[in-house]
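What follows is a pair of complexes built around chain A, which joins chain B in one and chain C in the other.
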Partner chain A sequence: MNTPPPMENLVTARGLTRRFGAFVAVRNIDVDIPRGRVFGFLGPNGSGKSTTIRMLAGLLAPSAGRITGFGGIDIATETDAWKRRLGYMSQKFSLYLDLTVEENLRFFGSVYGLRGGSLAGRIDALADRLRFHHVRRMLTEGLSTGLRQRVALAAALLHQPELLFLDEPTGGVDPAGRRMFWDLIYELAADRGMTVLVTTHYMDEAEQCDRLAFILDGAIIADGSPTTLKSHLAGRLFEVEVAHDAFTTLATLRPLSMFEDVYLAGRRLRAVLAAGAEREAIARLGLQGLAREAEPSLEDVFVSLARKRAPGAEEAA
Partner chain B sequence: MRRLLALTWKEFMQLKRDRLTLRMIILIPLMQTMIFGYAINYDVKHLRTVVLDESRSYDSRELVARLTASEYFDVVGRVDSLKELEAALDSAQASVGLVIDREYGANRHRGTPAAAFLVVNASDTTTASQAMSIAGGVATQLSMQTLARRAGWRERALPIDLRVRPWYNADLRTSTFIIPGLLAIILTFTLIQFTAGAIVREREMGTLEQLQVTPVTRTQLILGKLLPFILIGYVQLTVTLLLMRFLFDIPIVGSVALLYGVAFLFIAAVLGLGMLISTLVQNQRQSQQVSMMFLLPFVFLSGYVFPIDGMPPMFQFVSRLIPARYFIEVVRGIVLRGAGVDQLWVPISWLAFYTVAIISLAVFRFRKTAN
Partner chain C sequence: MSAMVEATDLVMRFGTTQALQGLTLSIARGELFALLGPDGAGKSTFFRLVARLLTPSSGRVQVTGVRTFGLVPQRFSLYEDLTVDENLHLRARLYGVPDAVATARTADLLARVGLDRFRSRLAGALSGGMKQKLALVSALLTQPELLLLDEPTTGVDPVSRREFWILLNQLHHEGLTLLVSTPYMDEAEYASRVAFLDVGRLTAVGTRDEIVAAYPRALVEVRSHDRMQLRRRLAALPGVDDVSLFGTRLHVRGRSADGQALLAEVRQAVGGLVDDVRAIAPSLEDVFVWHGEQDARP
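Right after this comes the complex of A and B.
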């Protein structure tokens, strides 16, 4: 994504830690969420990304650390002011299934203090934009997952939040629906200058973010734009076509110290070369076939970083 | 305030959709009042009785006539041997067997003790003790008359004239005792489950979390849940009171306003209990099970059906921990005796104490689990 220059931070967290009993879910995290960007937390289930986003949304009190934002509001002391500024949509699309779409939106709107004409106007506008006019009088229970997702998004946007939290927002939604959803998020973010904070474990969704933080075992192991993150592997990712017996080749190459990582991607063998041993490694790969430098995906980067942290751990994402 | 209104409105909209629950709100008091008002009757009359009359005398017939005149015994058969009498009781054709000794008539004339014995199916203790006390009374009366005649006593009354007057329930009707207490049971029965279920459902759906990211405060959240249920409680209270007054003809002697006022304390206590349960369980099924667990002591240890004075000391102590006990005490006081605050301030204070304690605990637990 192209990143416009001024990078003012909307939200800043320092030394964020959350313990559940003896278990440390999030360990001493520092995060800066730049204003007007789409910021992604990428990590496997249980890595602590949901815990982090829940602390930033004020759902969970941190065990240690401080969160400030929106020009000097401290979440711990001015929770109400904080909550007014954010919208939140979780993977559950939490709506009242026994209320109609209209009733749900009217309820959430009035909880934020909206009423009368202005509330009706905003519901109309969102129903237009998110294309759910035809189901407004239907019970939410009868809606498809995709429609529920759009209505839940509308509920989170009614009060025009400065910061929108999306916790795994596309769970259970088909690829076309996901695509549409993301287009919409970008449109909204661009229109309103809204900042979006999203957690995901889909790599294609992560690619859409302006900035990304990789989370593993409760810590941020890397952050930056997708391009910056990919540059970690620049010049070190090669692939080679393996005609047959790919598994044997994999088993042979994997233990070699000249490779940081070797894995199969379809019919091709991908190898991350250990820094300093590139020439030797390219030569070794050449024995298997024609070795070409490959464009790293975020998944490659994540796996490589994860492996460096915890040697022997299998693909975490 | 506006937010609280929105939360309450939402709760009512959901209730409007939930036709079954809506019906239950009225059906439960209706059904329970009918069941407990009509079906439960400690005053067991017309016990089926078989008679083995070996005396076959004027006096033995008099004894049987006296017993049947009490309306507690209906002679359903006469038998000729103890074996037949035993068979009648064994097969439950009769629950009482009366055996009159061969010498009964002769002994009465002679002035020596005339013997008869009454066999009672005591597997049902209420029935048995009633049969025994009525039969004992009849025997005493007959004996006294005999003695009086012999002593030349001419007065119509006996030497000691102890008259028992059953106050507050002159007809000794079980329903008069049961239905005022039933108010507490109906409120407990529905409200604990409704509240616990409603909160657990929101948690399961994720809407509770959704509400927690909004500026709604915990207090508003809790009040928004409780207010609609308080109203439901009062609807049920009113339905039951109307049935009690007009169907069972039990007048409210005391102040209705006081009754409604104290009911607020009890309704709040029960709602608090429901909320407390919601913080202890994972899902709706568990919340129902735990609600049932609370319901049993409310029914059996509150003095609703079984007198607290008859319980072993340990259970008497346990009953002091049950808010329903105090509410029932207050309701009976107001409805049956016309008691006011000056007579009822002790149970009212205890009820208030438990209400505050339960609500505080529930709010504390609710805040904790929400985080």
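Right after this comes the complex of A and C.
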């Protein structure tokens, strides 16, 4: 098996801050994006993920802090050189709905200075890989969410960027479409060394990232590999199989202060012990023998971290 | 159990597109029924037919014992420039809910979803999760017997999603009939029954256990840090039909139902490179991947 190459940072940000009037959307973030890896930003709605991504992409100027990368480029002084090296795709990213798929791709290609045979070749290759040959002559407006998303990804990849930004790229896309999308992202990172920065609400997608940063109220409160993040909950997650009336059991356990969270996953009831609560407390509930320790999912980690949010903070959403 | 929603040979055409191609499906009172399927499978069309917002091209859908239904659509459809309270007040008026009843019910429902602190906020200024909770409250205001939810948690963060589902579980527990479509397979695990829809046809229907039991292939899970390289190696094995990424794990699907043979083949191929190899039962996501491949879609 190949040893992975040593981590080299493609982009480095220090003291990154962004204010909108009196509101501080991002406060004093330090982040290193390793080359050739898939890096995920997680956090609740309105936590500052998109603002951070937009600053790293050069679409929004920071109020304070510095971003450098690609071997010495400073985003503040060489914004155009920066932007040429990256691709950007967001859920809200607008293809021109009144143009055909083909016209959209030709247009975005020409913006990046591609033309003629090389542009046509790249469009062909991407249409092949992302399976949208059959709609190339259709108006973009008539496409399903999943197809539009694949075309938008193709538009972001046409100029073969070193760094790809994906801002909630798979919202509203069905599971098969999400799989196809992620297969390609992985291939690009593994085979071509492309670096990917992604925000997502799907924790199964986050689980596939090499590295994650969890943003809450504009600050990074946890980061590391998915396995590292999950170790925060080690020994605190328990699972009980409930045969009848799972909801009554849920309603009984939920208010107990020994649990940070209790929820249903099908017929299984999953409970996270509050930090500092004793495991013996499980036995006192009469659940001994029924409850077994379970492996936390990244979603469990997300919910646990998001609960650290200051009371009333969601009002700023 | 009596049927609340009974669809028989339901066909819906839009121009030359056949959104539903002869759907027969029965949903009983008190069920939490999940409708799954890829984009364009006909899920939203089915919702609209049940809600009588569309008339079928042929066949019929009979809804029994439902005085009013609630609908939580995929897209937020309340007034963004009205406050939470104003939106609910308007809806109560439109549906003829008496003022006193509406006031009491609004207070109770908003408290249940944790929106009572935000009554005077403009709906447009709510977060994605809060908007969906408001849409749910609005749909419940008329005390429906049937609640239709069309991908209600798309774009909602995991905390709000979990809170939203605890509410749906509670409503189900209280006896409400719920029909929900979702792209999240873990949400489908909550359902009493599940149906897979593809290009306007039903490809599977049953309880979670029934659906999983009908999965026709062997499945092996492999954990490894080097997923991409391993995936290619496994996909090239003669007995292997598909290798899918599941987080940090790979799900390897055999060409037959012979689990022992598949396990042996995978073990031999990975040698000592891998932390963990074991035979597993399929999840609903495996079933979804499988069904997605069975129909050659355009």
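Here is the rule we use: the second predicted complex is superposed on the first by the 250 of 317 C-alpha atoms of A that agree within 3 Å, B and C clash if a C-alpha of one lies under 4 Å from a C-alpha of the other, contacts with A are read in each partner's own complex, and residues count from 1 in each chain.
Keep in mind that, in the parts below, contacts are C-beta pairs under 8 Å (C-beta built on N, C-alpha and C of every residue); 3 or more make two chains touch, one makes a residue touch a chain.
Because the structure is predicted, anything quoted here is derived from the model rather than measured.
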- [ ] Tell me which partner A:R179 touches in the superposition: chain B (first), chain C (second), both or neither.
- [x] second
Open item on the list: Output check: A:P44 vs chain B and chain C. Expected answer is one of first, second, both, neither. What do you get?
Closed with: second
- [ ] Pick one for A:Y263: touches chain B only (first), chain C only (second), both, or neither.
- [x] second
TODO: Tell me which of chain B and chain C touches more residues of chain A.
DONE: C
Task: Touching partner for A:K83 - first (chain B), second (chain C), both, neither - done: first
Open item on the list: For A:G224, using the defined touch cut-off, is the partner it touches chain B, chain C, both, or neither? Pick first, second, both or neither.
Closed with: neither
- [ ] Identify the partner contact of A:G65: answer first if only chain B is touched, second if only chain C is, both if each is, neither if none is.
- [x] neither
Open item on the list: Residues of chain A that sit at the chain B interface in one complex and at the chain C interface in the other, please.
Closed with: none
Task: Residues of chain B defined as touching chain A within the complex - done: 2-3, 5-7, 9-10, 13-14, 17-18, 205-207, 209-217, 371
TODO: Could you pull out which chain A residues touch chain C in their complex?
DONE: 1-2, 43-46, 91, 134, 144-147, 168, 171-179, 182-183, 186-187, 190, 201-204, 207-208, 226-227, 245-248, 250-251, 261, 263-266, 298-299, 302-303, 306-307, 314-315, 317
Task: chain A-facing residues of chain C, complex - done: 37-40, 74, 117-118, 126-130, 151, 154-162, 165-166, 169-170, 172-173, 183-186, 189-190, 208, 226-229, 244-248, 273, 285, 288-289, 292, 298
Task: Complex contacts: residues of chain A adjacent to chain B - done: 57-61, 80, 83-84, 86, 88, 90, 92-99, 103, 107-108, 110-113, 115, 139, 155, 165
